[in-house]
Amino acid sequence: MELYLYIALFSPLVGSMFAALYGAKPRTKIAGVVPSALLITSLIASTILLAHILSTGEIVHVEMMTWMATGNLYIPFGFIVDQVSVTMMMVVTLVSSVVHVYAIGYMDHDKGFNRFFSWLSAFVFSMLILVMSDNFAGLFIGWEGVGLCSWGLIGFWYHKESATWAANEAFIMNRIADLGMLIGIFLVYWNTGTLQYEGAFAAMQNLDTEILTWMGIFLFIGAMGKSAQFPLHTWLADAMEGPTPVSALIHAATMVTAGVYLVVRSNELYALIPDVGVFIASLGAFVAMFAASMALVNRDIKRVIAYSTLSQLGYMFVAAGLGAYWVALFHLMAHAFFKALLFLGAGNVMHAMDSELDPFKMGGLGKTMKASMVMMTLASVALAGIFPLAGFFSKDIIIEAAFVEHHFIIYTVLLLTAGLTAFYSFRIIALIFHGEERYKLFGFHPHEAYKFMLVAMSPLLILAVIAGSLKMTYFEMVTAVLPATEYHLHSVTTYWIMTIGTQIFVILAILYAYKKYANSSIKVPDGTSKMEKSFVYKLLINQYYIPYSYEQYLIRPYRELSTIFWKQIDMKIVDASVDGIAGIIYGTGEKTRAMQSGNLSTMLKWMVLGLVILLSLAVVFGLAARHFDEIKVILSGLGV
Amino acid sequence: MLDHILSILIFFPALAAVLGFMIDKNSIRAYGVSVAAIEFVLSLFLWFSFDSSISGMQFMEQIPLIPSFGINYILGVDGISLFIVILAAFFTMIGIASLTDTKNVKNMIITLLFLQMTMAGVFVALDAIVFYIFWELSLVPMLYIIGAWGGPLRIYASVKFFLYTFAGSLVMLVGMLFMAYFYYQATGQWSFAILDWYRLILPETFQLWLFVAFFIGFAIKVPMFPFHTWLPYAHGQAPTIGSVILAAILLKMGTYAFIRFSLPLFPDASVYFMFPIAIISIIMIVYTAMIAYAQEDVKQVVAYSSVSHMGVIILGTFALNVEGITGSIFLMIAHGVVSGALFLLVGVIYERRHTKMMSEFGGLAHVMPRYATIFGLMLMASVGMPLTINFVGEFLSLLGFYQQSHILTLLAGIAIVVGAIYMLAAYKKMFFGELTNEKNKNLPDVSKRELVALIPLSILTIVLGIYPTPILKPINNSVESIVQLMHDKSITEEAKTRIPNLAASKGIEITRTSMKEAH
Amino acid sequence: MEIGLNHYLVLSTILFSIGLVGVMRRKNLLLLFFATEILLNSVNIAFAAISHYYGDLTGQMFAFFVIAIAASEVAVGLGLLIVWHKRHNNIDLDSMSTMKG
Amino acid sequence: MLEPINISLESLNLMTLSPMLIPVIGALLIIIIDIIKGGLDKTLYVALSLLFLFMDFNALLASATTFAEDGTIMGVFDMMLIDGIAILGQLIIVGASMLFIPLALTHKRFHEFSYPEFFALFLFMLAGFQFMVATDSLILIFVGLETASLALYTLIAMHNRDKSFEAAVKYFTMGALAAGFYSFGSMVFYALTGSVEINQIASVLAANGYADMGYVLVATAFMLGALGFKVSLVPFHTWAPDVYEGASASMAGFMSIVPKIAVFVVAMRIFEFLIHSGVVWLEIVLYIVVVVTMTMANIWALVQTDVKRMLAYSSISHAGFVMAAILIGTTQSNSALFLYWVLFSFTNLGAFSMLWISRQKHLPDHQRSDHSYDKFAGMIKTAPVGAVIMGLFMLSLAGLPPFALFWGKLYIISSAVTGGYTILALIMALNSAIAGYYYFKLIVYMFMKEPVIGTDGHMYVSNATLALKSIIGFAAVGTIFAIIVLDPVLEFITAFVYNSGY
């Protein structure tokens, strides 16, 4: 099995390097095909591993080589494939294979084609490191690696100011979180003496709660960064500057879920500190609502989907926080499928509309792009959590879980959010595919994407539809390592009432969305309508003024302070004082050199003066010596 | 051969430099490269014949200079110094190899060879006075390099660099004389041999004073805030090769000296001053990083960034535990490689455009993709991306200091954020965006000669980031012995608790090589 | 009244001080040399007196040597003075201040 | 009826005179030769003087061996005192002179060397200095001092330029004043103790327990004034820069070494016993004087525009540096003094000789003074070897290891540390840092500036001959490789200083 593990892990790396060879050369198909092929190999290998685990249930654990070893610290490159990581591997390899193939078509005309695939495969490799590593340090490698790749991919079109800005923003915000994570790792090391998961978690069992709490908090700060939880969420929406496949792979399916994975992975830690868990859950619930609200009004397809991702991550954190780790992981998986699908669909649309993102300028695309419409609609249905698609099984359990755990506020929030989700997803569906064909006004000539792109998307489609049915098998498998918490309501009736209630609520939301946006009266908003003037709309469209305030109250002061430090303090105080000392010495020379007037009698006067000084000193001292006793008396009188 | 390999390492370049005077101007470059290459091979040979299981000094040599005054020519190398020596040889080699057409290149190469001698000498000297000799001598070639090949402000910069360091080290000299005097009082005979001094246990008050005296000398060299202002001038004015050597090796003399002198000689004082120094290094890290962010000249960005990294090194050193010190030593090497490479890269663009102003650039990634890639790699290394050489050092340094203070480490950890900020900003200004400036429209990408220097550095950056063990292991052994020595020597309670006792925990017996065993 | 040692010493001190003042005040090289002569001779008086007081000859010996040296000084000094006068037609101290700083 | 005085010739121990007599004989011989046949070439006289100096040196070595065997020798009615420091002093004096004399063999013709009197006077001067150090009788010190000084004034004047006359007059006049100080000082000592022999003065004062301290201090003050003038301590230093500038470079180099060591020996004799018998005043005053001398001289040297004048101030500061050794007054410090001076003589003589060989008869108009800094601009391009050697001397003067003077500084500062003068040690160290600036100023000019238009390398060696070059080479080698011979020298010096009780 080790062999398959290595194949799964390293074939993306090989692919990335292969594409890198063509980095500076004009684009060639091969630079895209080979990495995709290698990724599919990796997918197959992962599948074999999955099968192995499903059948035997035994964990594959290898230690490749030592990385760092000094003092008591020992960090190997160790990889573990257990029920949790294999799930992630499946998700990652599957989605990224799809995205790779898709991207061959999508990036067809981009001159950075080769570079793109190099980065993309590199990302997959880092992501696999992240999920497969058997210690926190290895996790951190992947953690930073995916950050790096996302930097490279968000800023892929580096000639665009907005893209590079978004890339740096994403990187730096993640860095802030990573600091927290680093501290968490230090805490783990100095308290448990190791960074290996097994050893560390074993040792945690008998540590006192305060330390554990700190560990939990700091590690979670790291998770907040990657999973773009409030207040570190702004980068995710801006990250949509990257090519759409990137958004699909990194900013929907895989990287952003790393935070959830971290919490799930360290469930044994969080199990010991339920208070932190509750905090995580509440934050998750808040983000779910918060993000959904911003998605309601946004006029950029990708941003809307991004916000929905954000809110779904909120759901996952709720689950993880409440200790329903397997649920969180399950939703992570399901979400990966339908959200990636959604993004790729959006990609098709953009392709068709020459990268136009405003749904109000589209409409009625359903006629020309049937396949895309079907896919996106199904994905949205899944996202909305309608029976029997994936979302229903993964999302509704979370809501139930909140109910069962008696966190009713969270429950309510999640319920409302489910409604909002349904609304905004179908808002864009309606705006894009139904109603008047507004794009004609703007002279677009939409066309369906290449066949093979659609084919490539199909696995996701299938999974988005059927993933729910895998729930029980999945439960069986994953609870081997995760706490098996069943969420069954006490009475069957309440269960049915709740479920059906939720369904109806959601469906109503969908219908409302259609009624509002699918009709022919929709115009391209010009800022005149009453709604757009309303405070709430302004608040939402400006994302609660959070990016603005960051710019205003963090970035600008930092820039100004730096300049002050340089121009004022470093130059005018620190350096000036050094030169000042030198200046004083030199100046003394300039002033006193006049003493050497060159006039003989002055010189003689100096000599005599010197003698006189010496003599007077002598006299004073002589007298002092002679009248030593009297002086002592006087001094003592003076109290010296 | 092996008995005198260190002397050969020191004096071979000097001899070669003297002979260099009679080499013809056109063939001097080949001469310089071959000499440096031989030197590098020698240093590698040193590494291969180095027994990394021994924690003490190896290849020791001793020749009496002024026995009546306890000054002897004692050399030796251990895990701590070994790799810096190799690094010095390496950088001299690629420095000369990548030397672009400078005016009277002959003097330059001869100067560089002399510099190589002093650098080798500083790191293998085991007698305080011999150490001091090379320490001071190293200033002269650098003074000449900056002053003769530098920019418009070169004379101001070079003299400032020289006098500042010179003044500092004179204070250090007084400290050394005191140390020798105390040794004389204790044993009745003069000795400047560091290994003898190691055996000397001083009362705390003496330690404090001497620590300060040494500190002034080292801190100016490092340079530590607020003694750092000579560095931007020196880097700003120096020619590329000067900056490379200065950043890669000369700055390391200070940090190395901290580990060689301050810690083992004054364990209690080190503990006493741990927190003040930690705070200074945090100021270095954050404050200079912010200054770097404000710069308009890319070379200044790199210059200030190395002050910032030096902060991390100092922090790791004063973690006073194996993890931290090992990390800081590794970071010395890492920072040597990375900052050296960055200065080379800045030199590349300066060669083409004769300006270092970032406002002049922008969108360079369009015309110079290879250059952009290598620069990006080094940038990521410099911000401490895992699997690059820098990360190992920074991680271990911070990890080490975390044992001493949580909150200070948290503050110091800001390094990874602010570092990313200025580096990415600089990279964005230089390489991203549309290609606006006409002058940049058809810049040639990196040439063969430049790649000769850059490729090995890039490989080093990655390989040592993935597999640092061959370097970490020898360092670790020597550091363990030093830490144990500090623990045994320390007299105050706090020091005993702060400095881990390895003998208890891991049963490490320190093997202290003494003069006698040397022959 | 009886003239004692102290009177001589006081006299010599006074003369010495006069000499010092002369050295400082004189602008004419020749007179300056006179002042230095006064200095030396004031010391001679003291030496003679003291050696009489102690009744040993060392002091007088010293005095003789001082006289001899004073003489040779005058020789050298006047030599220099003459050369200077030949070149500049003056023996004014203020004229000789080309070197300064 | 007078008693016939009978004194056995052995008791006079006339051999003690031999080192001083040799140069006197030499001088007389030179004069006689000139009387017999005038207008002979200077080379003859140079050779002759060198010959006599060699003999002198051998005689010194002989007396050194005798001292090493059976300690201090008194002679000639106990006037002469041949002890360790006397021998060391003379060795330095004669050795330095041997390096100095060949500097007369210049390429250009100079006025002074055409007179045989020059060499005669030179030898007389040496004899004077030797007498000065080889006695502890205030009288003989006075005689020796004045003999030497008068000769020196004349030698300076013989350079025969306006500036040199001015220098001579200034030096002479102030010298006369100093002589006055000296005689008055010794008069007071005589009045206090009835003796003019230093060791007797010491014992008498010790016997009555420094009853009237006031007068001792007065005497000491005068002595300090007189000797301070000779070794140019602030504020008695004012002659030094002008005289150095006025005199020929070679003479300046000579003056910066020989007269000072002679006076240092005397100062050691007079002040050590005072300090050790607890005259705190002297300690304080010396401390102040030393610090002021070091620091102020350095500061003034910073602002000089002429290299020679800068070197003048720098040697003032060096003198202050060495005076500190007398203040500290341990065996280590006293031997450090001699060690320092040996190394200093090499370096400084070399530096001045470099100026000497670059001496032009007529100044080009862009050049303000004989040896202004800008004269040396870009020397590395026009005369690389010269530049390197000059730079070498500057490094050594700045106290950069491993060049000669570093070891001197090291040992003196170490003695300060050992003697418990911590602050003094620090001040000395920092002063070396300040001094670094002006030495490196010259290096900056030589190595980093562009040469002035129309200057070619020849200017820097216009005055050079083989002799001068070899002297400089000798100095350079001595400066670089001092470390090799350091250990025996140090042991030799320490032994001699220790055995003569300092």
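So that you can tell them apart, the chains are marked A, B, C and D in the order they are listed, and the count of residues begins at 1 in each.
One rule holds for everything that comes next: contacts are C-beta pairs under 8 Å (C-beta built on N, C-alpha and C of every residue); 3 or more make two chains touch, one makes a residue touch a chain.
Here the structure is a predicted model, which means the values were calculated and not measured.
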Most central chain, Cα average position: B
Whole-Å gap separating subunit B and subunit C, where each centre is the average of the chain's CA atoms: 66
Whole-Å separation of chain centres (CA-atom averages), subunit C against subunit D: 26
Between subunit A and subunit B, centroid-to-centroid distance (C-alpha), Å: 36
Chain centre separation (subunit A, subunit D; CA means) in Å: 77
Residue numbers of subunit C (touch at least two other chains): 23, 96, 98-101
Two or more partner chains touched - positions in subunit D: 169-170, 173, 177, 241-242, 303
Multi-chain contact sites of subunit B, meaning residues that touch two or more partners: 163
Contact pairs between chains, per stated definition: A-B, A-C, A-D, B-D, C-D
Residue ranges of subunit D touching subunit C (in the complex, touch as defined): 138-139, 142-143, 146, 150, 153-154, 157, 162-163, 165-170, 172-173, 176-177, 179-180, 183-184, 186-187, 190-191, 194-196, 241-242, 245-246, 303-304, 309
Complex interface listing, subunit C residues touching subunit A: 20, 23-27, 93-94, 96-101
In the complex with subunit A, residue positions of subunit B that touch it: 160, 163-164, 225-226, 228-230, 287, 290-291, 293-295, 321-323, 326-327, 363, 365-366, 369-370, 373, 380, 383, 385-387, 392, 395-396, 398-400, 402-403, 406, 409-410, 413-414, 416-417, 420-421, 424-425, 428, 431-434, 466-469, 472-473, 475-476, 479-480, 505-506
Of subunit B, residues touching subunit D in the complex: 64-69, 107, 129, 132-133, 136-137, 140, 143-144, 147-148, 154-155, 158-159, 162-163, 166-167, 170-171, 173-174, 177-178, 180-181, 184
Contacting residues of subunit A [partner subunit B, same complex]: 23-24, 65-73, 137, 140-141, 144-145, 148, 155, 158-159, 161, 164-165, 168, 171-172, 175-176, 178-179, 182-183, 186-187, 189-190, 558-559, 561-563, 565-567, 570, 574-575, 578, 582
